[in-house]
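Listed after this line are the structures, all set down as structure tokens.
Next, two complexes with chain A in common: one pairs it with chain B, the other with chain C.
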Partner chain A sequence: MTRLIVSKLLQMLFTLWVILTVLFFLFRLGLPDPTVALVTDGLSPEDRAIVTERFGLDRPLPAQYVIYLGNALTGEFGRSFHYNAPVTSIVGERVANTLVLMLPAILISYTIGPLLGVLLAWKRGSKLEAGGITAGLVLRSAPMFWVGMLVIMLFGIQLGWFPTSGMRTFPYEAANFFEKIFTLDFLHHLILPTIVITLYYTGLPMLIMRNTMLEVMGEDFIEFAGARGLSRARVMYRHAARNALLPVVTQAAVTAGLAVGGQVVVEVVFSWPGLGLEMFNAVRTSDYPLAQAAFMLMAAIILVLNFAADVIYGRLDPRVSYTSEGAGV
Partner chain B sequence: MQETLHLLWRAIKQDRLATFGVLVVTILVLVALFAPVLATHDPYAMTERVEGTALWVRGEQVQIQEGIAADTLFSVSADGPDSYVAAGAGGHVMRYADGEWSPVATPTTETLRAISAAAARSIAVGHNGTVLWYIDGVFEQVPAPTEADLFGVSLTEDGTALAVGESGTVLHLDGDEWRTLEVPVARDLHAVALLSSDYGYIVGARGTLLRFDGQQLAEVVSPTFRDLINIALFDRSAGYAVGERGTVLRYREGEWVEERGPLSRTLRSVAMSSAEEALVVGTHGDMMRRSGGTWQQVATGYSRHFRGVTSDGDTAVAVGTDPYINSLAHPSPEHYFGTTHNGRDIYSQVIHGSRTALVVGFVAALMVTVIGTNVGLFSGYVRGRTDNVLMRIVDIMYALPLEPFAMVLVLLGRPGIHIIILAVGLLTWRTTARIIRSQVLSLADRPFVKAARIAGASPLRIIYKHIAPNVLPLAFLQLAVAMAFAITAEATLSFLGLGPPRLYSWGTILHQARLSGAWRTAWWWVIPPGVLIMLTVVSVFFISRALEVIANPRLSRR
Partner chain C sequence: MTNTIRVVRTGLAVALMLGVAAATGFAGGAPEPEGDPVPEITIYTTTESYDPIRYEAAFMIQDAWEELGFQVNVEPMEFSTLLQYFYDEQDFDATILGWSGRVDRLDPQHFLGTLHGEQIDLGANNPGGYVNREYDELYVRQEREFDPDARREIVLQMQDIAASDAPLDVLFYRDEVVGYNNERFENFVAMAGEGIYNEWTPYEVTPLSDDLMLTIGTSQEPDTINPLDSTSVWGWKFMRMYYDKLVRLTPDIEPEPWAAQEIIEVDDRTVDVIVRDGMTFHDGEPVTVEDVKFSFDYFIDNDFAYFRPFFGPIDSVEVLDSSTVRFHLAEPYSPFITVTLSQIVILPEHIWGNIDNPADLAPDDIPTVGSGPFKFDTYDRGEYKALKVFEDHFSAGDIAIEGIDYITYADSEGVFTALLTGEIDMNAWRMEPGQIPIAEAEDHISVITVGDFGYYHMTYNLRRAPFDEVQVRRALAHAIDRNTIIDVLLEGRGEAGYSVIAPINTFWHNPDVERFDFDLERARQLLEEAGYTWDAQGRIYAPQS
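Up next, the complex of A and B:
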């Protein structure tokens, strides 16, 4: 187990290094003047010299690369043009904002989804199953940003039940992150975006669970369990479901990766001050250092989430699902 | 290959949802192909609307009455107590009596630019020398000695009338006969005010002021060089003329003097209710009133252009309006899905958007499938170090989030359709590669592959000749899945503004709705593109479910 964790950890660091490298060359090749990726135009010559020195911009490319890696390791990503502040200080809280929106929604999806999947398999051949499958596919087809717009229009504007943007009602005072989120006002803001993300991601585990359940239900031990006089619900949820959970878990890891990207649109629609919205604004204002750091952090989040999934289900065979429902792409 | 296709077709026919999916996709392809025919409007064109509007001013109260005529109204004149006539484009004449506007039949469809009423009679003049007389409840066209466009007319109680028009045209009616007057200038004349058969003024382009003495016209020194558009005389000692850029001229005891009012845009019409009181209307809902010796702006709460105004004691009525952009119109037979804030037809945009969705969806999905299948084939067959390296790359791909990746590409380049295709194509072949690889792994140990290897076939030949045909159904399935994903991705990236700025796609439409800020209430702008994205993607899902049964016979037990 320890060996597995260590090897996964090394793999994660290797991937992070590759992404850092690709980003380095993308930004160096894509921009005519590398200093614009790190310093503002309005910077005084002295400040410019300091930044040039710190990032080694006057040295040859390989040397720059080494300095860049060193800086990335210490969390030095330059200064944001837009905020005129170190990038690291800006993105720090944004990461927390993103996670506090994303993780609960994914968790809910991957709790409700499999439970519904078991139900569909159990009621195989019924109208409920057919309706459930269609509903699952339809929910997966509706783009999240669009559902977000509809939900805001209906519950936010028409009915006025929920706030339509941000994490808290301004003005508010909070000494730290936890003070900010442990309030009813925050929950009130959280509900709509959570519903939107949950609706989108519930379909996939539900359909995968149903498919695997159908396979497991053909196995002998299920029949034995039934013959032992156990109730149908007990057989379904205790015996069959436990054995059908594997592909769902595999998919959960992949979904975590997709969710970090998909999060961007939700944050944009709901003006949620997370990493995605920051990245979106950075692209609009050509804030290269901020965009670079935000991207790096999103990749890091995916890697950490995947790592966590790998560790928790360490011994599980990462089977690949064939099904289109299973193909998260 | 042919057999595979045949199997696919059978599977689709057996599945009701898949049949629905194929139907929807077929319709979409047809819609995309015939988009220019199916679209009712140019998706880029800002559609306009015209309608006649009246604005009532009673004391301090202002009240708008929209849609009283089917066309722009240019001029209005009081023809009795609480009774008005208004003339406009298309030969429309409206009469207000007993609290209601009703149309009056005219024998012309020419644009009527001015109308003047006195002593139960009216004269309307318009383009191409049109002159209409209104007597005993009927409009009659009378022959006029000109072909020129006529812009202004004024009728007196005793039956004298002057009509003015382009290039210094002035017609004089004395008794029953119209004759052309000698005019000292050749500029366009815009309006005329006649107090009696021997006293009147004419205004025109570049500050032109002409005095009429019953017989002939004389040019008066003008204090302005700007176009004068309208004139009103209260008596022989008081009058006003208005024109472009807020120009106001005041007439006092034989002299015209420029005055400054609070408005700076074009002023189009002026009416006087006493020697000291005047009301002026202009473009963009502008209105001002002079009373107590100063000009004061009157808030109308309206932003369309006024054309004419007249007053009758305490009541004044202004008419308009010019064609205006039909912004945020609700769905109607004219615009099936309503219009955007720029008056663009949403139905036509959605129709054209189907092209982008299908093309991007297909090209990106093809790219994904080609890259993914080839990587999967090599990785699965060659194994060893190659497999390791390729699968490491796949792992890295899984760590890159799609939307941010596309954003980086846009940051370094510029938004466009190629960015979307590249982002989807370069990133999402990862799943296809993994799935094809695991299939190839099991195929590689089959006897027919071993036999080929012993027979001395090269690895390339084995991969493409022997293994590839067997993973083809799976590749087809992945193509469908990738297409569904690519269409969603295109919509998402376009929604974020990363798409081509000049090309409509469903995502772009929603992007513009969001940018305009109108999406919070303009449901007709938000719902159609989203429903189409959903319908397209779910159809492809339905089809891919049917394909699965072929690609993966293990599932047919279900």
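Up next, the complex of A and C:
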């Protein structure tokens, strides 16, 4: 087991290095010069050269790359070109805002979704199943900005029940992040965006669960469980569901990883000051350090969660065993 | 089925033959083209999502130019890439961009400079490469002319020269349409180029409810609130409320002595400023002539590039006595009072004097002590800002509100929704065309339209054929349907452009410059006079050189 974890960790480090490298060159080759926007402010070429030097962009690309890798090893991601502030502090602020929005929504989706999926498989051929599948597909395909705008129009503007933007009503007093979010006012702001994200996210685990359930339900042990006189609900939710859960867990790991990047669209529609919005702006203003750090964080979390999913598999389904010959099911 | 296709094909063939015959017949009288075909022209413009108006305008211009026989492509691109091709690489044929109307640009210096022959280097403000010796000489003369009327004569003449040479087409000046909540405040001040988000609105507004905080919604975030580092309009529009300047521009853009008691022009290179008595910083320390001298020296010593155009002309600053500061200029510089003195803020020496590298300050260490009419209160990046009235300011008695809240939204749609729900009292930046009728239908929202002196333009690369010939540029100018752009794309909210100095800038604008009305016949005639010819397919050929 130790050997397995070590080799997995080494793989992860290698993957991280590849991602770091790709990010470095992707942004520098793909995005315009970050100082170009200064021209419209009336800066002369000489003045811009000073800015370029300050950003360290006057050095040759390989030299920049070596510095960048060295800094990344120590967790240092430099200063944002746009804000002239340390990237880590900006990303830190933003990632917390995003997580308090995304995690509850994902948690709800991945609780309700699989439960509904079981129900759909159970009621195979019924109107309930047809309606459930249609609803799942529609919600999954409806653009989130559109759903968001409808929700804002109805509950925010027409009915006036909920605030339409931001995390809190201004001005407010909060000494730290926890004081900021442990309030009714915050929950009030959280409800609309959470509904939009949950509606979108629930479809996928529901449909995956239904599909795997249908496979599992054809197996002998289900029939056997039924023959033992267990109730249908017990067979479905205890015996079949547990065996059908693996693909949902994989999906949950990926979804949770991507959640760090937030849902740019939802953050824009609800003016939620999260990381997704910041990433979008960083790419738009060619703010390499900020964009690199944000994407890196996202990649790292996906890697870690995938690793965690691998380990959890063994727990959920003892048939999954890791041996020195490799993983076998 | 097969028969139908055959019939259609035959029909097509006949039509094609007829078409060719017609074209040949048309070209029968025309001389055979001699020179080379005019190279293809590519128009760079913004993406549709960034600005649908500039995007659509490019295609309208393409259609008209193609009717003249040019081969025209339109290439929309992401905004900073567009800037890079235009300014940094000067790798373009024709580019549609714009200059924003910042209040310091009401002085004609900056916009005239965009056609100055010494600003044609890579990255500089004249990427089209227009050089006209007469224009350049006048540019230096107006810069040194202190008498406004004499300077105005020169500025008008320069606009004449530039308009006739047509190195660019000023397409339109776009109206600023903003809204405010008329149930909560009244008496908003509208300023050209700034809308109602200007320095005077907080003075003039009268609260109509118990809430004395004016709440402004914006989708634009300051880059930083470090006055030695901010290069964005949005940083400065916030900071200028809590810092004082020697001069402020009135809503009619007249310089008004502010922290200055009096301004005396000793000669064309020397200006004395008597500093107002009894001012204090927000921390209680008095504002002295030493602070004033320090501030200018500090901006100059730190060589903060953004302010170079403003402090550039200053040779030295000298304290004459306890209330007078003397500015020595290297060259006579006419915009000194309106531009330099109205842009550089007064910083407390007892705070900034201890900071050696102000541009490297961490965000939490940036001082926010000024002497302005409002005190800094809060800045939560990306979310919220707040200012409170500074009761000890000499102008505090004129202010009816208690302070200003600024709420940041992700985009203009968020700002607009907040205006609808009453969460904010006014928006900082203009509404989108689709939002205007909705706002107008709301009882609690009043809509204000203000002209702008920033302009949208299509600039030609004069280093490339066919734009190197003035006659071609003049012909192309006749093939731009400005009125349709305004009526259809802007829904009438704008004005056709002919000069880089906008009509709303009444003092400096030249209303008599040559105008190129939309007239394809006239365009064709100009091209013929220049020796251009067309082949049988109607494609245009340059004269043999």
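In this section, the second predicted complex is superposed on the first by the 253 of 329 C-alpha atoms of A that agree within 3 Å, B and C clash if a C-alpha of one lies under 4 Å from a C-alpha of the other, contacts with A are read in each partner's own complex, and residues count from 1 in each chain.
Keep in mind that, in the parts below, a residue touches a chain if its C-beta (ideal position, glycine included) is under 8 Å from a C-beta of that chain, and two chains touch if they have at least 3 such contacts.
Keep in mind that this is a model prediction, so the values were computed, not measured.
Participant: According to the stated criteria, A:Ile50 is in contact with first (chain B), second (chain C), both, or neither; which is it?
Facilitator: A:Ile50 sits against chain C, while chain B stays out of touch.
Participant: Which partner does A:Glu267 reach: the first (chain B), the second (chain C), both, or neither?
Facilitator: second
Participant: Can A:Glu93 be said to touch chain B (first), chain C (second), both, or neither?
Facilitator: second
Participant: Is A:His82 in contact with chain B, with chain C, with both, or with neither (first, second, both, neither)?
Facilitator: It touches chain C, and chain B stays clear.
Participant: Once the shared chain is lined up, is A:Phe27 touching chain B (first), chain C (second), both, or neither of them?
Facilitator: first
Participant: Where does A:Gly160 make contact in the superposed view: on chain B (first), on chain C (second), on both, or on neither?
Facilitator: second
Participant: Go through the superposed model and pick first if A:Phe170 touches only chain B, second if only chain C, both, or neither.
Facilitator: Touch status of A:Phe170: second partner only.
Participant: Mind working out whether A:Ile152 is in touch with chain B, chain C, both or neither, as first, second, both or neither?
Facilitator: A:Ile152 contacts both chain B and chain C.
Participant: A:Leu277 in the overlay: touching chain B, chain C, both, or neither? Say first, second, both or neither.
Facilitator: second
Participant: Tell me which of chain B and chain C touches more residues of chain A.
Facilitator: Between chain B and chain C, B touches the greater number of residues in chain A.
Participant: State which residues of chain A lie in both footprints, the one left by chain B and the one left by chain C.
Facilitator: 31, 149, 152, 156-157, 164, 268-269, 284, 286
Participant: Across the complex, what residues on chain A touch chain B?
Facilitator: Going by the criterion above, the answer is residues 11, 14-16, 18-19, 23, 26-27, 30-31, 134, 137-138, 140-147, 149-150, 152-153, 156-157, 164, 211, 214, 218, 254, 257-258, 260-262, 264-265, 268-269, 276, 279-280, 282-284, 286, 288, 291-292, 294-295, 298-299, 302-303, 306, 320, 322-325, 327-329.
Participant: How about chain C: which of its residues touch chain A in the complex?
Facilitator: Going through chain C, the ones touching chain A are 78-81, 83-84, 87-88, 99-100, 110, 119, 121-125, 223-224, 226, 229, 231-233, 303, 305-306, 308-309, 359, 362-363, 378, 381-384, 386, 405, 407-411, 413-414, 417-418, 420-421, 423.
Participant: Hey, which residues of chain B end up touching chain A in the complex?
Facilitator: 17, 392, 395-396, 398-405, 407-408, 410-413, 428, 430-431, 434-435, 438, 474, 477-478, 480-482, 484-485, 488, 491-492, 495-497, 510, 513-514, 519-521, 523, 526-527, 529-530, 533-538, 541-542, 544-545, 547-548, 551-552, 554-555, 557-558
Participant: Help me check something: in the complex, which residues belonging to chain A touch chain C?
Facilitator: Residue list for chain A touching chain C: 31-33, 36-45, 47-48, 50-51, 54, 82-86, 89-90, 93-94, 149, 152, 156-157, 160, 163-167, 170-171, 267-273, 277-278, 284-286.
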